[in-house]
Each structure stands twice: as structure tokens, then as C-alpha cells.
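First subunit A sits with subunit B, and in the next complex the same chain sits with subunit C.
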Partner chain A sequence: MSRLDFISLAGLRPDGRRAKEIRRIRCRLGVLREADGSAYLEMGQTKVIAIVKGPHEVSRRSDMLIDKAIVNCEFNLAPFAGSDRRKRRPTDRKTVEMAMSIKAVFEGAVMLELYPRTQIDLYIHLIQTDGGQLPASINAASLALTDAGISMRDMVVSCSAGHVDGQAVMDLNHMEQSHGGAYVPLAILPRGSEILLAKMEARLPLDIFQEVLATALEACRQVHAIMRGEVREHHAALLAAQLAL
Partner chain B sequence: MSSIVVPGQVITAEGGFLRGHGTYIQESEDGGEPQLIACVAGVVERVNKLISVRPVKSRYIGEVGDLVVGRVTEVGGKRWKVDVGGHQDAILMLSSVNLPGGAQRKRTYEDQLQMRTFFKENDLISAEVQQIQQDGSIVLHTRSLKYGKLENGQLLRVPQVLVKRLKQHFITLAPPIGVDVVLGTNGRVWITRAMPAEWTGGTSEGADMDTNVLTSKAETLMQLRRLHAETPILRDERERICRVRNAVVTLQHAFALITPDAIAAVYARSVEAGMAAKDMLQAEALASLMPQLDN
Partner chain C sequence: MAIRDGFTHTINTNAFVLETLRGGKQRIDGRELNTLRQIAFQFTRSEGQASVLVQWGRTQTLAVVSAEVVPPYPDRPTDGALMFNVELSKMAEASVGLLRASPLATEITRIIERGIRDSQALDTETLCIVAGEKVWQLRVDVHILDNGGNLVDAAALAAIAALQHFRRPDVTVSGEGFVEVHHSDEREAQPLALHHVPLCITFALFDDMGKQRVVVDPDEVEEAVMKGRVTIALNAHREVCTLHKNGGMAMSAETLLACADVAAAKVVALHERLREELQKADAAARQAREQRLRGGAAFASHTAHLASLMQAAQPMDETADLTRVGHLGYDDLHVTGKVRDAPERALGGGARGLQGDEAAKSALFAQMAKAAADASAGLESKLGKAPVGKRKGKDTASGVGDAELDEFDKVAAGLKQQAASGARSLGGTVSAPAPAADDDAMDSGSEEEQVVVLKSSFKTGNEAASDMAAAASAAAAKASAQAGDSDDDLMAAVKSKPKGKGKARQKK
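== the complex of A and B ==
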């Protein structure tokens, strides 16, 4: 069997994208009526629901901070979400790492000092996964927090980049992500391009890493444009409805 | 719709403004004027130099004098904690409730021991915001005969922004509806049947403020409440309550403001269409009950 080509001679990836092209993003805010904030987001075949509860009274009083809010994140990967059909327990190493990363990102973005002695809960449910779990989860959570009207310094956006077949590519899918090359998920505050999270488990020469990072930044900007448009549209529709009667 | 902003969007880079809610100031790196940046998604509001952003949806932020409906979560020494849907649980002090019988006196240690006889955990109460503390936590009081425990009715939660501050939040929808609605400013709506006119007939007058009269008034009101809570609700009353409830849900679904007039309008439309209360929340019905949005 010949080696799989990740980028064909025509410059196309297995799913038909070019190297510097992100997957289709579709998102909706306010999908659940009972939650303070909620959002549904698709990045290609990766599908996430994020739910925000709070700010509310701290559930364990010993965790309370008198000058700011605490963030609590629960991440759940549905047992049917990926190709391996096994249930991950909440204490699973990968699940915990995911939750910690998301928590760290939003502790950097939410203006916690505005909500002293409170708690903000993030519930992330991945219902289908095809690579880019972390970026999709962060984007969905960012939209849900916006829907909940919680103050953030900027809308957090996230996307990944990687290095396959000697090229930097944007927004890896599961196949590209799992072939063993570099995979760099990145979360930024787009206004000042402030990096909140960058991860890499592979080894890369510094100059190639710079290129991958720049690619990821550009991918985040593209994601931002789409998400900003959706947020604006959603809120315009809600405001119009309020004035209807 | 240019006045809608999203988090991180620059509202203005001109100097001389005041930073309101939903915004923050960022010093520019190149030494220019500081920028005012939105931190929530919503509408920009300007009052003279004060610029703020009102979020389209958020948790309840109290204002003194608001009527709220909440659920008691905790009974502690001298105070109750009440979940009103704010950032933190609101506080109701023992000294800010009416004692049974309307007596005005100092609260004793015995009263402290009997706090559960007034309100216990999971009770629903209506109350007024007395004070907002430095950190934004809410202090309530129920020192009026209007406020107190809510019984024998139905609670509904709607987004708090859909309930605007009105002159009157205790609403009796006129017959043929005949249903009482308590529109909590915190987005909790309490729906119950109206007091029948024959019950209240004898107590409506009595403007003189003699303490004895006041005490007896308090007592009669307590009795009325008890009567109301203990009298079973008849089938047609239940149906009217359900219809009002579904009218509010219809408005919530369309994200329209919930006002007495709007509730009555949707109610009337559903009756006109010959719709049963239970059918009001079907997808087609929801659309037909709300007037078309014309952009």
C-alpha cells in the first residue's frame, strides 16, 4: 500500500480543502431556553453544544473567592462521538485535560473581577468529533458566554494548524490530526492577537513552528469573522423581536 | 442596527467619555487616546458622556424597589437566602419581614428559632429589593402585606430582560380571564387565580391608619390568603391559568416583552381561534398567536 498523500498534486487535501482553508463553520446561539447561555457549533464534522450557567452562588463555599468569580468546566465526549465507541469517564486523563484547558482559556478572557463571590459553570458536550475537539469546544463556549451576557475582554476564538507533507495547513480533521505530525490548537483574543492557549506535542524546527503558528493565527481570524457575524445577527433578531408587540 | 456591538469591539477612541456597564477602557499602545471597548453583546446606550452597553440577555441585576419572586434556598441565623436568579442568592433579614398578625416589635430570640414557620427551604416568596450592596448582592424585604409566601399557583421562568419595570407588577387580568399574575422583575412569573370578588368585598375600604385597624387588616388579609391557598382550584380556573401560562410562554418563545396587555392579547387570540390551552404551544399555533414581525 502506498503512503497516503495528505496533499494531492492539485494542492487539495483528502476532504477537498486547500492548505489554507478552514472547514465550514455553522453556529447558533441560544439553543436551550432554560440555560443562561447556550450555543451549538459545527466545525466540519465536529459538533459541540456548550451550556453556560451563572454567574450564580458558589456551590462549595470553600471554593469562593471574595474578589472574583470562579470558573468551573465540565467536558463530556459522547460515547458515540468518535470512531472508537467507548465511554470515557469524567476522570479520564484526556477528559480532564480538555476541561482544564478550556477553563484556563476562559479564566483569561472573562472579566471575573466583575462577579465577586460567584461561580460560572461551563458544560461542553461533544456529540460528534472529527478532529479539532479543543478549538470547537472553545468556540462553542465563547458563543454560549456571549449569549449569557457575561463580560469578556474579547470574543475568544480558536482554531488549529498543523504540518503535513511539508506544508502548514489550517484546521486539521481527524485523519490529518492522527497521522503523527504536528497539531497546534490555538486560542486567541482576536483584537490584540493575544494568545490564550497554544499546545503542541510534536517536535518541530523553530522556523517551521513559526509558520504553523502564523497559519493558526490566520485561521483564528477567519473563524472570528464568522462567529462575530453570527453573534451580531442573533442579537439583532432578538432586539427586533422585543420591539414587535 | 449599527448600535449593536459584540465583545471586543471598539465603541469609540475619542476622549472625554465615561465608562459605563458592559465596557472597559484599553490604553492604546502607540500613546494615542484610550479606547472604549464593549465586553458584552448588546446595544450601545449614551447618556451625555456616559457610554454603556446593555446586554440583550443576562442574569438579574437588582434595582432598589423592584418586585422579585424567588425561592428560599437556606435558612440561617437571622436571615434567609433566596434564589432570585441574580449573581448571588439574595438576603432576606428576619427584621425585614412582617410578623404574623401584623405586629410591629423587636425580633426576639424566639422569632429566630421559629424562622421556619415563616419561610422554609423551597418556599416561593414575593419580595421587594430593599438595598443593593457594594458587591452587587441583593437585600430583600417583605414589609408590606402585598409580599410574602406564594401558594396555590404556578411559577414560570422567563428571561429577565423580557419583564420591564412597570407601574404595577401585581396584575389581575380582567374577567373573563380572572387570573392573577405576579410579574417578577427578575423574570419569575407567578400565576394564580384571582381572589373572588365576594371574598374581598368587605375589606376594600378602610383608609384610616389606626394601628388596630391595620392589625385587623393584616389579619383579614392573612385569613384571605389562607382561604385562597386552601380552596381547591376548579377545572375551568385551571384551564384559564394554563392558558395564561401558555400565553406567557408564547411571548417568551418569540422573545417579545411580557406585559399585561401582551398576555391578554395572546390569550384573546387563542380563545378566538378556538384553541384549547394545551394546543397553544404547538409549532403552528405559536406562529399564529404572535403577530408577524415586519422588518
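== the complex of A and C ==
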């Protein structure tokens, strides 16, 4: 494999971005009428659909909590999503890990005490992947929960950061993520910049890790600005439609 | 105790833990906020497998590493495989309420995978045997035996310790691509090529009415009360290998970085501790292997002998007799002859004794004793001087001291007794060895004395003492291979002095 410059001499990455630029984000709320809440999100070439069902009665009585809601998450990576067509088992380790991460994140963000004895289901469908599966899924789920009207402490925003060619970069695509360097997906509550999820693969010296963490935080803030704008637009349109009636 | 006093999570417990943490100094088990619990290790090594039992406070984890030769993945023909699996046993589940095994086990497995495999701790290319055809597949199974809190750290520590303790069997690849895996008895097994040692440290986050409190290494009570958790894995070079914060209570970036700093310090100390334990365990494993290879009882007495000699050699100061330095002879450093391929082996308690029938064995013993007697008697009359071993109190050129000679005599006496008892038990006869003049020559270790004499005829006085040790093997070899004996002079001497032989016979 020929050596690829992840950051060229001009400071551009292969897809034309600079080190501290996130990919284009497009999102839509309420894309499915049947679901309680739904959202479609694109981060570059990574495309996700998130569906929320709930709060509804707990399907398994034994799981019910009397003071809180429980959050369930199901993560599906479509067989056609990656470059190889591969059908993954639902118990595949990485799938289970993703689902558990998303569930844990929203258990920390949703005000579960307001919905006791109920269950909130999250279904995440990844239909195209180009790096950043976890951040995209979390963002889509966040929008879907907003669309469902479920109370949260704050909107959860997520983005990734990494370290390529000696520079900290934001929002890694598939090539940058899989080249073996550091990859740090981060999910925060933007108001207080509180970290809900932070993971890392590969090795980084501690001081470089600080830089990468700061980059990831900044990336999340940029994502938040875009997502908040979209949510406002969506609800403004809804409000206008209601008032027009 | 059949039923453990389980810990029940109540409002009171919650309040108690949080109140203790408010004090800012201690936790409910008396530890400080940044102190890890006591950790103990137990290492085991066997053929193609290694295991470590880690006791971390009340948490117990067992990691087992095993290896297999398999074809590689098609897209990575030169890489071996490293697989992890963490299992929560029923013992762990029963001890603390509900532990839904699979998601937690999966989470711990993924943390360990990311920490060890994804951070390139083990160079999988070194596991390649034949590119594209055969590679090593290492499998690390971690069993959580008891849950006393903080399973992640204990499991990760057990996994990496087991990988460090593991020895991969040596292989040879023949021209046609045929791979032969050697038993570790034939060829010493190799350690794995680990670039660095990642170790996990977990922090617990508590919500004390809005204020966040952080402690290191939560035990099971603190785990039930905590609202969030973050695991950071680092190596001793202050490199972050993996980070795992999966939901739970939110934390600020400053807190996260502060935790990373604390974790870095803890990892350095833990790494040092692990290194010491591994060295001890490796030494013990090697010694066990040596013992197994060379035979039990003989080696045990030999090591005791060696140890006593070593002790006698210290301290090394000006006033010490410098001649005592050279007392370590060939036999002190090797346990050959006595136990290897020697008829006496059956007596020495070695694992591999003679496989012949009893009659052959007894005949052999008789031959040995006879030859030894003949040779010494013949030589003595020929050379007309006392056996070398009789140089008690005389400082020989090679610097053998008194004490060492006595020690050697005792060992020789023991062996002689064993030979005699062995021959008797097999129903054979032993012709009593009968060297000449001196009385004390007859006593303790007379057979050995004769053996010493045997060698001395072919070596100068300088080498005599150092050859004392070789004499034991030499005697046996000579006795059992008379026909092909290269010491023709000796046999000629023996054959030419029938009179001396008869005279010696008469004495006993």
C-alpha cells in the first residue's frame, strides 16, 4: 500500500479538510411517522437513522424499575454499509459494545426519574459508514429523543478526534480511523462541557492526549452549533404550521 | 463460611459512604482516596500454557494463556492472532446480587482488547511461523472468580501478567513447510515480544448532592453507590493506551486529565511490583523445570550441596583464604553422570532409570564395584602412593579446602550406600571394594576414593581435585563400558597385577 499523506504539505487532508474542520453535517428530525421520535443524520459519508419508541410499558416485567425508566438500545450495522458486504450477527462483540455505549450515554442524559416504570427503546440503523460510527449514532439518537419530546438534561453531542501525522485532527473518516493511530470519540453535554463518553484506541503520550481531548471538545461544540440550529428550525416550522391552523 | 454476609445496598449505606468521602481523607475501608487495595499474585507455568491468579482486595481473577498453531487470516498473512475472553463465573455472580453476565463481560473484554491488542502491546508479526500458512494464535481467557469490586483492573492485570509469564514453545520449520513444535523440555520456550505493559486503573465518581467526588479502585460497596466510572489504561512510559468512560455521571475534562495523571503514577508503581513478581515466578518456574529434567532427589541434594558451598565462599574480603575461591569443581556446577544415562539413576530417584531387567541391573552393579576395586588396587600398587583424596589438611595446588573435601566425602559416602543398597535390593552381590594400606582409606567413601585414584593416574596433581567430581561419572562410565574403554592403560595395569588384586581381596 502506498504511503498516504494524511495531512499534505498544504495542511489539507485527503478529503480537502483542514485539521480542525469537521465534516458536513445534515440532519432531519421526524423522518418516520410511525415512530415516537426519529431522526436522520449525515456526518460526511456516514449516514444514520435513529428511531425512538417510548416511553412505553416495560416488555419484561422483571426489568421494570419503580423509580426510573430503563433505556434499551439496539444497534444495527447494515450489511451494505461498509466497503465489504457483511452480515453481522446481533451478538457480535463490536455491535454489543456500541449498543451498550449508546445506552449508557443516554441513561446519563435522559431524566429517567420523570418516566418511572417505563421503557425507552432506541433503534440505531447505520446505513453507510465512513468512520465515526459511534459519534454519528449518538448524535442521531439525541435528535430522535428530542423529536420524541423526552426530557433530557441537555442535548448530547458527540464527535471524534485523533492524531495523524503529528497533528491533532477532528472528525476522523474511515481511512484516518483505521490507520492505527489514536481515535478518541467523545460525547458531551455541551452546556457545561461535561464528558459522558470518552474512549480511546491505540497509544498516545499523556501530553498529546491532552491536546487530542481538547480538540475533541472543540469538535463537539462545533457539532452542537449545527445540531441546535437544525432543531430550532424544525420546531420553528412545526410551531408555524400549528399557528397557521 | 457457606453463606457469605452479603452486602445490601441501602439508603443508609449510600449516606455513610458519601459522608465518609466528604471528609476528604479516608474511605469506608480505611484507604485513602488514591490508594489501591492489596494485590497478590500466583503464577503457574506448564507446557504451552501459563496462568496467573490475581487477588485484588476481595476480587479474584484468573487468566490463562494458551497457544495454538493455526492458519492466519487471509487478509493478514504474516500476523498471528490474539484473542481475549472474559467470563464471569457463577461464583462471582452469587456473591453480589444481580450481575448480568454478558454485557458486563463483553465490556471488560473490549476494554482489555483495546488496552492490550489495539495499543500494539504485543507484536503479532512475531507470532508468524510460516507466512500465509501457519501462525500462533494466542488465547487469553480471564475468569472472574470473585467480585469484590473493580473487576476491570483485576482482569486486565491478570491478562497482561499471564501474557508476560507465558512461554511460547519453540518451533522449527523444515524445508517443505512442515512445522515441528518442540516440547519445552527439548528446547526452551520463548517469551512473547511485548513492547510495553498496559495496566488499567479505574476511578469511581460519586454524586454528593451536586458535588462530584472521585476515588481510585472502588470496592463493591463503593461500586454500588457510585454514579459513574472511568477506566484509564497506561503503560510505564506515561502513554495512554486506552480510555473508557461509558456513560454514567458526567465529568469535566479537567477531572478526566487529573485522573489520568493519578493513573500514570499508580501504573508506574504497579508495573514495578508486577515486574518483581514475574521475575520471582520465572525463576521458580525455571527451577521446577530443571528439577523435572534432571531428577528429583539427586538434584535436591546437589543444590543443597551447591548452596552450602556458595555460603562457604562468602564473604569475600581481604583476609579470606583466596584458595577457597576455586573450590567449585565440575561436579558442583553440573549434575551429570550421576543422573544422566547412568545405571545409578534408578537409585538416585530420577524419573528415568534403567529400563532393563533386574538381573541385568544387579550384574551391572557387581561389574562396577569389581572394576572399581580392581582398578584402584592395581594402580595403587603400581604407583605406590596414597590416593589423592587422602590429602587431608594439605593445601593442594588447585586450592581445595578441608571443608569441601569432607563435604564431598559425605556425598560420596551417601552415593556408595545407595549403590550398595540398590544392588542388594536387586539381589545382586557387591564385591567389597578393597584398596590398600591406610585405614581411613577404607572408611567413608572408600569407593569414591578409589574412583579418585583412578582419575589421578591420568592427570597431574593440579587437576586431580577438579577431576574428583568427574570421577563419579567416570567410574560409572568405565564400569559399564569396559570393552569400549578408552583407558587402555588402566586395564592393562589391572590385568597385569593379579597379585595385588588377590592381596586386596584378602584384606576384606
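Please note the rule applied: the second predicted complex is superposed on the first by the 243 of 245 C-alpha atoms of A that agree within 3 Å, B and C clash if a C-alpha of one lies under 4 Å from a C-alpha of the other, contacts with A are read in each partner's own complex, and residues count from 1 in each chain.
Simple rule for what comes next: a residue touches a chain if its C-beta (ideal position, glycine included) is under 8 Å from a C-beta of that chain, and two chains touch if they have at least 3 such contacts.
Since the structure is predicted, the reported quantities are computational estimates derived from the model, not experimental observations.
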item: Three-chain arrangement built on subunit A, subunit B and subunit C clash or fit; value: fit
item: First (subunit B), second (subunit C), both or neither touched by A:Met155; value: first
item: Contacts of A:Leu189 with subunit B and subunit C, given as first, second, both or neither; value: both
item: Which of subunit B and subunit C A:His56 touches, first, second, both or neither; value: first
item: Touched partner set for A:Pro205, first subunit B, second subunit C, both or neither; value: second
item: Once both complexes are placed on the shared chain, angle at subunit A toward subunit B and subunit C, C-alpha, multiple of 10 degrees; value: 130
item: Touching partner for A:Arg228 - first (subunit B), second (subunit C), both, neither; value: first
item: Subunit B versus subunit C as contact partner of A:Thr146, first or second or both or neither; value: first
item: Which superposed partner A:Leu197 touches (first subunit B, second subunit C, both, neither); value: second
item: Touching partner for A:Val105 - first (subunit B), second (subunit C), both, neither; value: second
item: Touching partner for A:Leu213 - first (subunit B), second (subunit C), both, neither; value: second
item: Subunit B and subunit C, minimum CA distance [Å, superposed model]; value: 8
item: Subunit A residues contacted in one complex by subunit B, in the other by subunit C; value: 189
item: Contact footprint of subunit A on subunit C as seen in their complex; value: 102-103, 106-107, 109-110, 114, 118-120, 196, 228, 230, 234-235, 237-253, 256-257, 260-261, 264
item: Subunit C partner contacts - residues on subunit A that touch it in the complex; value: 93-94, 96-97, 100-101, 103-108, 180, 184, 188-189, 192-206, 209-210, 213-214, 217
item: Parts of subunit B lying in touch with subunit A, wherever the complex brings them together; value: 1, 4, 6-8, 10, 22, 24, 37, 39-43, 55-59, 73, 81, 83, 87-89, 135-137, 157, 161-162, 251-257, 259, 262, 265, 290-291, 293, 295
item: Subunit A residues within the subunit B interface of the complex; value: 30, 33-34, 36-37, 54-57, 111, 115-118, 146-155, 189-191, 228, 231-232, 235-236, 238-242, 244-245
